[in-house]
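Should a chain be cited, it is by its letter among A, B and C, assigned in written order, with residues numbered from 1 in that chain.
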Amino acid sequence: MGVGIEVSTLNAWYGANHTLQDINLNIPANHATALIGPSGCGKSTFVRCLNRMHETNPIARVTGTVRIGDLDIYKDAKPVEIRRRVGMVFQRPNPFPTMSIYDNVAAGLKLNGYSSRHVLDEIVERSLKNSALWDEVKDDLKRKSGASLSGGQQQRLCIARALAVDPEVLLMDEPASALDPVSTSKIEDLIFQLKSQYTIVIVTHNMQQAARVAEKTGFFLNGRMVEFDSTHKIFTNPSDKRTEDYITGRFG
Amino acid sequence: MTRIRFQRSLDDLKENLLVMAGLAEQAIQRAIEAYRVRDISICDLVSRSEIAINRLERDIDQAALDLLAMEQPMAIDLRFILSVIKINADLERVGDAAKAISDRVRHMEQMPVAELPVDIPRMASLAADMVRKSLQAFIEGDPVMARNVLTLDDAVDAMNKTAYKSLTKVMAEESHIAPQALNALMICRNLERVADHATNIAEDVIFWVEGADVRHHKSLKTALDPHSVG
Amino acid sequence: MAEVRTQRAENRLRSRIRWVIDACATGLAVLSTLLVVAPLLAIFGYLIYKGASSLNLTFFTQIPKPEGEVGGGMANAIVGSGVLLGLASLIGVPIGIGGGIFLAEFGRGTKLANAVRFTADVLNGVPSIVMGVAVYGLVVSPRMPFSAIAGGVALGIMMIPTVTRTTEEMLLMVPHSVREAALALGVPNWRSVLSITVKTASPGIITGCMLAFARVAGETAPLIFTAFGNSNWSVALDRPISALPLEIYRYAISPYEDQHRQAWAAALVLVVLIVAAVALVRYVAGRGVLKGAS
């Protein structure tokens, strides 16, 4: 089951660059929330603050509170623990190149110490089914490497890998931007199905995609969150003129 | 500003709709003028306007469909195009009503003149005024003016009810002028419809500018108020 | 009309000139390749010519005969080289890879990392004879004079810089996206480095180790003061031990014709063994990497 995310007064810096300013928002559980905004507005940085990947950069700094469920992820837990509860899928599919499909999906578990063959088999199968990839690869699990799949398949493999560790939240940073329309549709359908079990946050450049998959949408601009509301409202009658200018393409 | 081509397409759409609106307004004016002076030749003009209005309706719908498919309009642009499509339909109906009125006038011209207890020109001028005001609200994107139009509908409705009562009385008691009374009744009904279309246009303007759906406000009011007669 | 014709003629001339230049460039490239390959082929060919005839069972199974006597072989030198290189790898590969991992993953940008890198580069430039003398001073003592260990240490230290630098470079070539994928799964950094990053870079790291191995396999100077050489069978680590390069050196400058003959054979054997070792390791390592992975 997914959990809600509560963000209060989140500020983030890269060195001297104040990339996020006073972000406050509540992301509902078991829903898909989309984050839109022009390049460089901070939406990717924001998402990386939710699983503490932001701090893998040595010059990064964060202040404020992020609560996932009732856990303050900066005060009450270590980054490694958080990342097991909050999975991430990246813009460019990044399967581990030296591993088979099976090993890729099981990587999160194996590298954290699980080794029971029986349990791993079951989890790998379940994850691949949940990411709509099982039928296409079930005969080649150990023979084919993760990198030998097509782009769309690789991305679904990465989703399966993230799901295998049973997170409560799934963060997706422009998951379909490197994919063709058919693969994109498959990923979107997947998000629809996954919503009932996980809380999903999806960063996207593609507004139509946000409209298609997300119940709530947040608009980021210059490091601030300008508007956060139901997707329906944002795309038919936004409250803020800046939001309207962005989504009607009249920016600049 | 980006999307200049798109903005031009939106402006073109608006302009074409206004051309059609002009034709529709003119048709109503002509139909009432034909009634007032009992001139058949004006009825011919109305028929021709109606043909032009129908053609424009098809063109505008096609242009709107293209914009929806090709430009993925959002928010206010989407509401605008949707309103244009609806106003398009209402204006075409106004054209139909004008034609219906001019057909009644043609019929009445065959009959002797009768004194009827209805002030059709006044009702017509109220309805035409509503159409003009709603289109003005559209041109300027002014929701205040549009809301004003909504309040004028009551007067036309009241006149229509009164006309119904007095004309049915005439048809019962003065059967020699019953045909004229019947035609006059039908003209009143068409004028009442014109007023309704003007109301729709005003509601569409409010939807476009504010994103608020204020349709069927009257039925809501009557549902809540047991004393008003629907 | 006349202008068009001269324009066309000019174009034809230009394209002919281009063809000539292209042919010259290709010719130069081929020539350069031949110049590079030629010495290698020449050496190999000469070694085969001079040494192949001396390759016989005796050579591979017997130890050297006392000075002046004809016959004997270099069995102990072959085994000795194996022992020394084994020791050297045991020292050089772990330290080198560990250093490379430190430089690439844990110490990026720190002053310590810069110092380590600088030290490795300097170590690389130390002449091999100096290395031998240094290890002689540090390791060889009255309790443990010339020994296989000393030789292994000298060669091992010489392997370190190459392995370190190559490991660092190969690790840096692993795309950041792969590391991020591991971290995002909640894998601790050290585990991600070892199980993912190092594994991804392993073909390159192995190549680096092989380069270092091939280099020290033929080093003679450091062994003179450390392993010293031994004309008897000996694989004891704390006693002097024989090695192919040492025997080649000693036999080549000896006055005996028979020993010259054996020196040629030994040189041929040394080169072949190095090539074979490298090929074997690459084959075994290649089997471990899945098909399709780049």
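Assume a residue touches a chain if its C-beta (ideal position, glycine included) is under 8 Å from a C-beta of that chain, and two chains touch if they have at least 3 such contacts.
Every value quoted in this text rests on a predicted model; they were computed, and no experiment measured them.
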Worksheet entry | Overall pattern in which the protein chains touch one another (line/ring/star/complete/other) | line
Worksheet item: By CA centroid distance, what chain is farthest from subunit A?
Response: B
Worksheet item: Whose C-alpha centre lies nearest the centre of all protein C-alpha atoms?
Response: A
Worksheet item: Distance-wise, how many Å sit between the C-alpha centres of subunit A and subunit B, to the nearest whole number?
Response: 52
Discussion item. Could you work out how far the Cα centre of subunit A sits from that of subunit C, in whole Å?
Written reply: 46
Practice prompt. Go ahead and note the Å separation of the Cα centroids belonging to subunit B and subunit C.
Written response: 93
Worksheet item: In their complex, what parts of subunit A are in touch with subunit B?
Response: 207-208, 235-238, 244, 247-252
Worksheet item: What residues of subunit B sit close enough to touch subunit A in their complex?
Response: 1-3, 6, 72-79, 210-211
Worksheet item: Given the complex with subunit A, which residues does subunit C contribute to the contact?
Response: 109, 175, 177-178, 180-188, 191-192, 195-196, 199-200, 202, 289-294
Worksheet item: Across the complex, what residues on subunit A touch subunit C?
Response: 51, 53, 56, 58, 80-85, 87-88, 90, 92, 94-100, 107-108, 111-112, 144-145, 147-148, 158, 161-162, 165
